[in-house]
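Here the chain labels run A, B, C and D in written order, and each chain numbers its own residues starting at 1.
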């Protein structure tokens, strides 16, 4: 039973069916196919705006390509020091941007503290010795499983607007955040000042499908060339587009996220009152970061439960539930934890 | 009826079946899954050597990442001026290598002329003002549809060895070349001096699956980091690996290539004696580059046949057959051409 | 006696005097000094336009930094295949531009043939698979010692304007060209459509001083950051600026160039009628590319004359005169050649 | 009276004399001259080892080029968060390395804390998602004016050796540190484990002259190509070499540093007991970072003293003395401060 990540799963049946269906027949390559046209329309419809949409296959590609259009090589991108773009992409944003600098900011629960943003957004502007702040990036939900509220995104985008920074949202788990909020996709993105989003499906039901959405279309001009140059233009693009299309159809993405979150919260409720278990961070979606005793960690691993425990400091573990995590797995985990702490 | 490219097709049924099967169950991400382990073994088996194997999704990624491990940023890669890496990847090799220079060479039928290679391989060596020749790249089959013989590859690799250049093979259509030759996969690659190959499946039955094969394992050390940094490490890697696995199982790849080539040659035989049709280049596989009169080009397009005619100079068109091109389409094309030239 | 290059000399006495004088006293660093302000004004005055001016120390830095503001990383720079930027800068333009492609064009005497330019300027525009033509670069005087006329530069800039390419002039030996032409500095640059020029002094009397002149000021916005990032912002900038200032004062630059050219033409007249000597290229300034017999080359080298003979093909040598080449050296060379061919 | 930086000065008379002398006569370009050969020998002599030596013109070029040979593009360079390479070079190390990541470490007085180094040196090693620690860089004297002792450098290099990191020393003000220590140049560099040093002269008596010294010669192979490609290979290299040669001759460098430090310490002693003046950092060389009241800062600026006060937090100012700072300027500053605080 695997709580290591939401990328250990396969795809939703609806998405596999879409791949099988899309495989029939001939289409023109490189995105000049009906699936790619249709998925862009569907995204514009869901986000209620005339965005520019590009399909890529991985979240790192989405983030790095998006950011490369938002900063010059001598620019700086402000992000949380725990963010995926800072920590987990082997320098992909630096590579695609020609060596821009990522400035690590502090903030509770891996969410950017606006005061920190304000401090660094204005630092060195116009000083030729220093990299120039050009963009900020927030992750929804964050790498510590927390959810940015509309107010929080707006507070950040206001600083960005004042300082002329572009705002990127890494939405690898966007659906998991959205279903926790009482707002529309538009509300928490472009209506709150997000310029460009990496919109992920791979962790929530697809195999490999991510969209880069330019809410500010004027910024999209370079994207196609950068994508090709990065080796990310697929000849058989329909493979990516048909997944996203099925993902968005009939609210599959929301249903998947709601299930993942429900399983996460069930797990949290089952663990929260056990002796020696603490939740230093508020996690309302599908990623939990409780503190467990080393004995408990060892015992659960010995039981065969898979999860990571070596990265967030003493005793903090990560437990992730997915769109298809069975309730029985969650209950088995809780039962085992109860037994070991009893 | 589409003769524009072999990337307008979907995948072979065996490969779609493999995707559906691989989707079941949980696996560890990022290539730590059984499919990825198995496909590497299969490739080592087929090529009869202990190679290092990495999966990527596109041919441009395979080429650019491979070349980036073969040249320094101040190096030069010698290639044909018609090669895909020089012409059709929007500068991906330059991007991934940090700005290495691709030197365009001449040669009949898009195959590198060894004398040209010899001339440029030794040019500027040790001269700090000039980029340093570090690698050469040949395409099998070439971008003009010609096939390198074992002798031809060996002639090129001998120059490379003498000049201390690494040799890359762009094998986007490797299978189409191999089935024309009376030799083993090993014979035309590492036994002939190829160090690294981009081994493509996407054009011959897969949806999106390419392997980078390092016959010289010592050169593979950096690859994993460069792949991740390029956004090309897939969390759900099994999607790529299972395709290649099915591609190589039970000789599917060879059967597909033989069909594509047979259709290509049937098309060639049907056209070659028509008035006004000439084959300036010898094409023995699945890509033909005949010269047609403008009237004939226009008439065929008007009939609804799709193919490119705007890139190779006056009257040269490209006709590509694929693993699943129906014989009836070939015959219809021949019949139409016969009628228009009759 | 050295005819190898015009960079084997020291500086003009006036320029050394200027360095000694500028050394006195304290100034604010990084170009915030009076010399740097004054030299920019002087250049604007000479070129009769409100240009943006930046000082750098080497010609390669001037060219590479200038070009990096004129092309995206996915762009192409069209230049002659014999140009310094293509051949002699170890890939500096590729490095500074993030991997843009330099496309080598043909043309007599190392001057770009407008038909070639037209052909490549429109090639692949808007096609995502191909690098996008964004700039062209001409060298005045060219690497084969020929001089672009006003008409020739205008013919090129017209193509650039139609195709939306920016035009760069590598003016490493601009003065040597200008004094051959019956026109003003403005006429052969911005009035003929040049957007940005590398304006060299180092080969014509300075030690190390080059200006990048943006005739189109809107393009200069990024330059300061790129210069610093390239390690080319000098803390004691006055060292560079005072040289250029003295270079331009009282027409020193023109006097120096006239002398160099006069010596070159004296050498040419002395050699042109000797048996076995031919001038395949018309050279009117200070660089000659005659064809000599191998016997004559060997004999002159044995006499101790220094010049290059190994780069331009069979029997072509390069003879360069400088701002301070003594007439006696020229006459000695002629005399020796006469003796050996007599 | 200027205490803003040691780069507001001209050059020592001996160095200007050397430039004037070197200007005479012809030499072969690009470092193939006697001055360049001699200065390398002199450096090897002073450092008592067979190092590889390259001349460049700026400290940023020295640092960025050196580091680019010490890390892959997917590597990380560990440095203090106040270091010049992290803060003040507009991303030059990122640019020259192809986008390597600089990891900011903590430490008193801008000196790296070994525990921090140990923590980050082993972080993510072999993990494909993370940049790979490959080098560390220390600044001697540090950006806060502190001096690394031999023991301190050794403690750092031991960690580097255990973790297989290369160690770089930014020696922009190396002489100012050396004369404070009771050791040889060799002791504080390669004998303490430094692999590569940027050895500056520009701030201590030269106009523009820096050497990159490879104590580990095996690492120097790429440098020449990277230098040329960066536009940092000077045709008239003797200009750079003759400055460094004069700098090192007859201990000029040590005499200059001793004067600068003596003036710094005189200034410190004059200020340290004034009311409202504090020295939070121990500064033993030529850069002081005292805390002054805002009234005092304003009053000194009003008197015409130049110094920076806007970068190190509330009330911290930077006072820098140079090789030629007159004692009378120091005394005038002290007198003014005494008057304003009396």
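Everything below uses one rule, namely that a contact is a pair of C-beta atoms (placed from the backbone, for glycine too) under 8 Å apart; a residue touches a chain by one contact, two chains touch by 3 or more.
What you are looking at is a predicted structure, and each value in this text was computed from that prediction instead of being measured.
Peer 1: What chains, if any, are shared contacts of chain C and chain D?
Peer 2: Touching chain C as well as chain D, we find A, B.
Peer 1: What chains, if any, are shared contacts of chain B and chain D?
Peer 2: A, C
Peer 1: So, what's the distance in Å between the C-alpha centres of chain B and chain A?
Peer 2: Distance between chain centres, rounded to whole Å: 34 Å.
Peer 1: Centroid from C-alpha atoms only, then distance chain A to chain C, rounded to Å. What do you get?
Peer 2: 51
Peer 1: Please work out the Cα centroid separation of chain A and chain D, and write it as a whole number of Å.
Peer 2: The mean C-alpha positions of chain A and chain D differ by 42 Å.
Peer 1: Could you list the positions in chain C whose residues touch two or more of the other chains?
Peer 2: Touching at least two other chains: 73-74, 89-91, 95, 98, 128-129, 225, 228-229, 233.
Peer 1: For chain C, which residues are in contact with chain B within the complex?
Peer 2: Contacts found on chain C: 73-74, 87-91, 94-95, 97-102, 104, 128-131.
Peer 1: Give every residue of chain A touching chain C within the complex, in rising order.
Peer 2: Where chain A meets chain C, its residues are 30, 72-74, 98, 128-129, 132, 222, 224-229, 233.
Peer 1: Could you pull out which chain C residues touch chain D in their complex?
Peer 2: Spelled out, the residues of chain C in touch with chain D are 2, 4-5, 7-11, 16, 19-20, 22-29, 56-65, 89-92, 95-96, 202-203, 207-208, 225, 228-236, 239.
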